[in-house]
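Let me begin by handing over the structure; questions about it come next.
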Amino acid sequence: MSAVFAWPQRVYYQHTDAGGVVFHAHYLNFMENARTELLQSLGFDPGVLLREHQVFFVVHSATLAFRRPALLNDMLAVTAEVKRATRARLVFGQQVRRGDEVLVEAEITIACTDPQAHKPIPVPAAIFRRFEQQNTGAPAAEPAMQVAEKEPIR
Amino acid sequence: MSAVFAWPQRVYYQHTDAGGVVFHAHYLNFMENARTELLQSLGFDPGVLLREHQVFFVVHSATLAFRRPALLNDMLAVTAEVKRATRARLVFGQQVRRGDEVLVEAEITIACTDPQAHKPIPVPAAIFRRFEQQNTGAPAAEPAMQVAEKEPIR
Amino acid sequence: MSAVFAWPQRVYYQHTDAGGVVFHAHYLNFMENARTELLQSLGFDPGVLLREHQVFFVVHSATLAFRRPALLNDMLAVTAEVKRATRARLVFGQQVRRGDEVLVEAEITIACTDPQAHKPIPVPAAIFRRFEQQNTGAPAAEPAMQVAEKEPIR
Amino acid sequence: MSAVFAWPQRVYYQHTDAGGVVFHAHYLNFMENARTELLQSLGFDPGVLLREHQVFFVVHSATLAFRRPALLNDMLAVTAEVKRATRARLVFGQQVRRGDEVLVEAEITIACTDPQAHKPIPVPAAIFRRFEQQNTGAPAAEPAMQVAEKEPIR
């Protein structure tokens, strides 16, 4: 049973607001980062998909529960897992976690469009096939978190 | 029957993404703008509330449906209406509209916290009282939209 | 002598950071808003320019001085004036003001590109001609500020 | 001779605009990320500095040259090096690079303020001392770039 994919996210000034906490809209950005890195880790490059295949991902709908605030310089872990996959939609379950605490919980439904016509198109077959196995209804894996060793480049 | 409050919002480059449409997280910002201007129009100043009364508004939860894309330079109207008010929460119904089209529909639930302790506090009594009349279950007003005459300052 | 164009900007939570002030990068957004509304007020629609004429504006360079902080719910005025115009560049002088105080001062140089090729193209002739009269070196007009009456749409 | 500190940055949809490139204001965010991670790597935690020592970093001024566009899903390297340090200011030289290409070049001057009073305060002595050796005028190190191995957390 595999662990849930998670991507590290540091909280910088740019994410905080005058209440001293992360402004709620930034969590949608953090969750986009984790979804993109999950796709990237499976070999799907959103830049190539957009520029060479005219496949553009859009958020179709979202449900978000903001449970506890994240603070400046917190190191968060943002999970991304595909809960359901059809030819029309990918439904992601996502969490923003700080250690054992779940700060934000979300369900984010993604669709694909043609970026010229702004019309819906199917999820690319290779991506759909990679995730359709998620539809089995098997119990979700328990996230096996640990703070990633993000390293500077120098 | 009063019309629904709406606030104009132009789409600038900063709101768009490589698909040529407004990036989904920005709609949460647009909706914050409209909620703030509604409060402001009723005499409640979020800056004074934060700095002098230690009242900080946070988004508790949100449900969003992104129906159609907004494009560069579109002039949108963002509605804000309180659907339910309790001492603990304000539940806003909000839409992002372009003329007669509803582009985004959302329910955004707001709570108040003490910004030092990051602990829940009641909604200020004056704000609660202003909105509790909304709880009657009367049919929602039909938005009476027209593009605002936003004027440059000079 | 005409007054300088200015566009009103309220400070919302989304613009502030944990220091209780506007995060510096947002001033670049405020200044884009004012430049766009100036163009719009002269009849140039950035959306039409992008989608029908393949004219895309990019920031070529910028110099910024952040003098005083803006706070939550402040009503700012953001000026935009073209100081120099060539076929290759528009050089804007811009200020973010709160009443008589200048909070931020900037020089922002804009160029045009073809959004498919990401290659430089000339500034559209109609825009260049509208602004080339600015090259006379006449003393800059004094901003004649007053808080705009931004009205909700309802 | 030490290499210049650099921090990896992937370009996500949220950073791009309708021209298909990174919107200019986001580079200021990328540069904040690199400065923060440099401080963090030296043992200075901006969250502790803000909440326990009332030390808040602000950008005092900035000069930016945007040379070439970054595209969706590019993996960038953002450098941060202190070129001059005084008790009042830290002057950073920063670049945004894609492989051998310099996309953006900037000088960002940072000051410290008391976040309650919004008044200037000295740069903390430990940070000043760590960087004052940079004032020797020695030739800047050549960036020794390599794409960091950023790993998912699972």
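We call the chains A, B, C and D, going by the order they appear; numbering starts again at 1 in every chain.
Convention: a residue touches a chain if its C-beta (ideal position, glycine included) is under 8 Å from a C-beta of that chain, and two chains touch if they have at least 3 such contacts.
Only a predicted model underlies this, so the values are computations on that prediction, with no experimental measurement involved.
The greatest centre-to-centre distance from chain B, using averaged C-alpha positions, is reached by D.
Comparing chain pairs B-D and A-B, the larger number of C-beta contacts belongs to A-B.
One finds 25 Å separating the Cα centroids of chain A and chain B. Averaged C-alpha coordinates give centres for chain B and chain D that are 34 Å from one another. For chain C, residues that reach two or more other chains under the stated contact definition are 13-14, 18-21, 25, 29, 32, 50, 71-72.
The residues of chain A lying in touch with chain C in their complex are 13-14, 16-21, 23, 25, 71-72.
The touching residues of chain A, counted against chain B in their complex, run 18-21, 24-26, 28-29, 32, 50, 56, 58-66, 69, 113, 115, 118. If you check the complex, the residues on chain B that touch chain C are 2-8, 10-14, 20, 29, 32-33, 36-38, 40-41, 45-48, 50-51, 57, 71-74, 77, 143-154.
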